[in-house]
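See the structures that follow.
Next come two complexes built around subunit A: one with subunit B, the other with subunit C.
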Partner chain A sequence: MITNDLPSPADVAPARRTLVLPVWVWPLLAAAVVLAMTLIYSGGRGAADIMSAAVTFSALFVIVGLGQMLVITSGPGNVDLSIPAAISLAGAIAMKVMDGSNGMIVAGLAAALGAAMALGVANYLLIRLLRIPPIIATLSSALIVQSIAIAYGRGLKIKPPPAFADFCTGRTLGVSNLALVAAVLTAIVLLVLARTVYGRTLLALGQNQRAARLAGTPVSRARLTTSVVSAGFAGLCGVLLAGFSGGSSLNMGEEYLLASIAVTVIGGTSVAGGRAEPLGIWGAALLLFLIVTMLNTFGLSAGVRLIATGVIIVTVIAIGGGRKAA
Partner chain B sequence: MTAASLNARGPARFDAVRLLRMLLPAIALSLMLAVIFSQQPRAMSYVGLTLLLNLAVPVILATLSQLCIIAINDLDLSIGSFVGLCACIAATLLKDTPLLGVAALVAAVGVYGLVGALIHWRALPSIVVTLGLSFIWMGLAVLILPTPGGRAPEFLTTVMKWKPAFVPLPILYAVILGLGMHLLMRSSLGTILRGAGGNPKALANAGWSLLRARVTLYLMAGTLGALSGLALVGLTTSGDANMALRYTLLSIAGVILGGGEFTGGRVNPVGAVLGAMTLTLAGSFLTFMHIPPDWQIGAQGAILIIVLALRAVLNRAEER
Partner chain C sequence: MVSDETALLLDDVRKSFGAVRALAGVTLRVGRGERLGLVGHNGAGKSTLMHVLAGVLKPDGGTISADGGRQVADYDTAAAGRLGVRCVFQELSLCPNLTVGENARVLHPGLRGWGWRKRAEGLILEQLDAIFPGHGIDPKTIVADLSLGRRQMVEIARAFTVTDTPIRLVILDEPTSSLDATAAEQLLSYLHRANLGGVASVFISHILPEVLSAAERVVVMREGRIVLDGRASELTRRIIVRSMGAADEELSEAESSARVTDTTADRPRQVLATPLAATGGMELSACRGDIVGLAGLAGHGQSTMLIRLFDAWGKRDPATQVAAPVALVPGDRQSDGVFPLWSISRNISVRSLGSLRRFGLIDPGREKDLAATWRERIGIRTPDMDNGILSLSGGNQQKALFARALASEAGIILMDDPMRGVDISTKAEVYRFIRAEAERGRTFLWYSTEMEELFHCDRVYVFHQGRIVAHLHRGQMTEAAILRASYADASGEVA
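For the complex of A and B:
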């Protein structure tokens, strides 16, 4: 397995876990339990539908989660708050440039990703020039970009090109295309973290910024890459979401801010930085989706579903977290 | 000779830079008011200022709540939904069954204290815990008030629509809140609370309880958040679970604008009050400049970046 050479919690504190399982297995197990409970209640009906819906919707959360994970891994207290703004802007730009024609899909995708990555560069420059933590930099830029997205996208009712909409809602060999995109990105992130200078620098930076700097690792470049990748993934999510849901909307990114942090942390990535768990994001995204499905099946109201989601996030972090205060 | 003159000038320049940095939030607010007044001189009146700054009162309370959490190096991502919940409680329970309403508000503030204890006890990252908490507040608010509505209790509308002599109400509240919080943070209790954020180890070695400090700050934050919800309902006269979600980011921005920092228990209550007022004014500012309201949150971001940039310049001047 690729992540074998990362320090796992079992190496650090052998006494704490008797069962040697990788961290990312736990949310996946929890998701399986929730799925089982749902199916027992429904008498096994709709298993295939629930599974495919879960995988499709989780895919979008995984894509933004991967970017948020890199930012969180870069150090204690680092969070990208500009993800919703990047999603809304990229969605609006993609729909406008594509303008419903199949021939413009590539151009629209490039324009949207370009804009999102420019936001990433801007975030990095704010962090660097104003010497402020990423969370304040992304908060300020998010306010401005959200405004641009609102002004640019107001009254925008352009449908995605048919071929692009088909791709976003379609499946290949029975698996939804969105899930395949997310899987490919996950594999790339896993490889990059384990095998590239950038990946190793990011983990070192998250564990001890001072030590990483003194050791001569390219810290600044790692920060820039992280900023750009996080914004780029959010932009990609925005384009795919617009294609999936038949057009962009002004507040389409809203729910992804809290969700991106939640899936990252429940997935086992350390909030204190320095430890990333890309595979855990899948388990966490499936878990959150399946919990909502389960409570829906039980016939509970929206209020109860929200409370249950909150209680689970707090419980997971209270049991699993607390190694190092952020 | 040069050494002597340098020595003589060093501290003086240091103080000027420091003073300028301290006055930055006040300068930002004055500039904005100056532009508004030059565009519309009639705004420079009792009624004008009341209308301009009315909505600043709940934002100020939410910002001071966030300030309590930031003072101990934590961050509260749930304040927006908490203010919404308290507003919903006020518009329903507090109006119909006052005793139950008060009990619900006290319980909600109590949960804030418990969360502070949990974060301290398990050394948890506050960002994630308050993120989970925000879903819980939202869920409770939706259960209490599934669709926007309800009615504000009369005493709240009275308190928020009161017309004191000479001083516009929002300014009176802003002064009371800013000064009150300033004095509290400068008091012996406040010094210990800030110390818990500045140097927890030293504070613990000196025999103070870090747990008690954190719980106290979380209870203060909960109380201010609840007051923010009450003030908001007093102004809008009805409730909605989503009405204050923007307050989460706005309150963080307000604290930062006011000169607070994420580490070291460095907070500035007066600056935070001014910061909250500046951010609230951004909307009206654009209207007076004939810029579409789409750019309101963009203007808030721009103000934040400009002030942070000026502060970075001043910091560099100080280092030199």
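For the complex of A and C:
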């Protein structure tokens, strides 16, 4: 009795076939426009250099952004403020364990990621067991970890092993290795979100926590995984950053906190949770880098640069945001 | 009190959503002080019509006029408000983070200056007292802390509060669906009084006896049109059901189809919940293939029991034992059920993801098949299962939630008053489904606020103030027995 109520295929066919761009396309388009304007101003000089620098630096933002995106997707109020601490700690541990020796690269990487992921577990426990709001929990764990990193690193700058430094600054088939790492991680995250129980649970959780629980999805496990992955990605970023910039420093994670949130949100991920846009992070990271490049090329003063950056971001969100309603 | 004066007149109102024609030319006159009952299937256009009346939806064509043919241009929520048209929505529209009094203020911008909160509280309290005497609601309570039934009372009372604009018409969408019998009775008698005072009401309900007794005139909608419009006194349930296009035999057949078997000894026990020390009462148990009803007044611990059983799977709690995986069909779709950003298909598969995997990843082919199977089996009305869940009407969303639970591997299905706002032919279909699934060995625990529904169960437990006060077997299950048990200890407070 229900089937005969269905609109016949003929009714459905002329449905509005207007072109609806995926959300993640907008920041990428904006990045392309900004790049084009830069190149027009410079008369096309340095195109290759700008592109390759943009992709390399964006890669690090993408890696931390992916973790932050998962956290933000898990629902309103969730954010990981311990990312800079995880970056500093992982960078310091990796450099110290590797101690400039090529043979210790794997051990250093494992120790650094292990420490970062332990931070993720600690964050989860603070939030779930002690019921501390995520902002406070991750902020306080960040303070503690930052102090540990200071005590541990003693401010000494240890050089990365040559093979590792070569990897971080090198290229494969013309693409920077960091970008390749970030691309692989993006692909994995995309796959995980769409095709695994964890991914679906996370997206369900972000839309409606209570409904996710009542639908029988493993909510607690998904929260723990998210917390650990975010810290782990930040840790990886820290190690790669140390390898890339010739050693770790204590405040090297600083700029990644706001950036990780910015690339996530500009990329189209819903702040209210439940909708993640891994590809948008790429567009957003490229956009942020290219804006700075463009404004530098224009030779603007620092103050004007910041104002312009803010205006451009608001414009992109306003244009792209209106199309988010799925 | 049907007068010749018109409260509101719709003329040839049309509304389409894409390819779906929700209103295909509706002409409807509501007289001043008239009680109009509106019935129809899911997707018949009732909700759309109501949203048009409320000014929430702008019709594609047709006119709306008031006061003797004066057409209202740009009929929107503000215009509706000025005319004194109020709505009680099925999806409750109260702000859960505000108090009852503050919610009342939302409708009345005139309450300002010193002491507005007190005046708003007085206003809503007065109205609650007028409609639901003995309601026991403190207007200082945060809405989120109220039970669903009490929230509904506040929502209804709020619609009848008056400060500056006199009320012309109140539209009530399934107002009694979360009310218990007493409160529903109180509401119907209040509507009667209000109508004598010149306030018209449009009463949307799936409970036909209720509509027939509450309304003077009944309008039946089907596929976006009015197919029957007559005086309630001249209509019967049978005539209405026939006009909706459903076979009415199904209902009577369903009532007699319940098994007579009372031998539970040979079937393994699936569910056992012993009374908690804090509440006392009887224990609850269910065997494989049982359909067990949870009865009693709304909000007396039935949902709490279901959640307790839901949480028991995979835990070793001697007081609450379940012998098979558990799935829950929520009744409060918005807060417990749908994932609004997802397609219908994803909303269904979410409970079965584990079994849809191949090589550790969810297989899109299997997911599609699952959705297609359940679209067919439970009759979800949509051109495409990849459409968003919110593109479905409420009843069809509910079907998707049934499909979610039934498609899973769960042996025990908990149903938390799942038929709220579902039309009767869908209900009849789902009842048959439940019976068939029970015969295949699934166990159902079914909380329902509708008496008629409980007769589809093999036996019922009656709840009162958080504990089980009666266990009625098939032979003892009568409306009177259930009602008596529901009010067992109701000496003082009646919720």
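Basically, the second predicted complex is superposed on the first by the 293 of 326 C-alpha atoms of A that agree within 3 Å, B and C clash if a C-alpha of one lies under 4 Å from a C-alpha of the other, contacts with A are read in each partner's own complex, and residues count from 1 in each chain.
Heads up, the rule we're going with is that a residue touches a chain if its C-beta (ideal position, glycine included) is under 8 Å from a C-beta of that chain, and two chains touch if they have at least 3 such contacts.
Just so it is clear, the structure is predicted and the values come from calculations on it, not from any experiment.
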**Study point:** Touched partner set for A:151, first subunit B, second subunit C, both or neither
**Key:** first
Check your understanding: Regarding the shared-chain residue A:196, is it in contact with subunit B (first), subunit C (second), both, or neither?
Key -> second
Check your understanding: A:310 contacts which: subunit B (first), subunit C (second), both, neither?
Key -> first
Exercise for review: Have a look at where A:222 lands relative to subunit B and subunit C in the superposition and call it first, second, both or neither.
Suggested key: neither
Review point. Touch check for A:81: first (subunit B), second (subunit C), both, or neither?
Key: first
Point to revise | Comparison of subunit B and subunit C by subunit A residues contacted | key: B
Review point. Should A:130 be classified as contacting the first partner (subunit B), the second (subunit C), both, or neither?
Key: first
Revision key, fill the gap. In subunit A, both subunit B and subunit C touch residues 326
Check your understanding: Which positions of subunit C touch subunit A when the two form their complex?
Key -> 18-20, 43, 223, 245-246, 310, 325-328, 330, 335-342, 346, 350-351, 353-354, 357, 360-362, 364, 376, 379-384, 388, 404, 408, 410, 425-426, 429
**Study point:** Of all residues in subunit B, those that touch subunit A in their complex
**Key:** 75, 77, 118, 122-129, 131-143, 146, 249, 252-253, 256, 262, 292, 294-302, 304-305, 308-309, 311-312, 315
Review point. Can you list the residues on subunit A that touch subunit B in the complex?
Key: 77, 79, 81, 126, 129-133, 135-136, 139-144, 146-148, 150-151, 154, 258, 261-262, 265, 271-272, 301-314, 317-318, 321-326
Study note, to complete from the structure: The residues of subunit A that touch subunit C in their complex are 1-3, 5-7, 11-12, 15-16, 191, 194-197, 200, 203-204, 207-208, 210-212, 214-217, 270, 274-275, 326
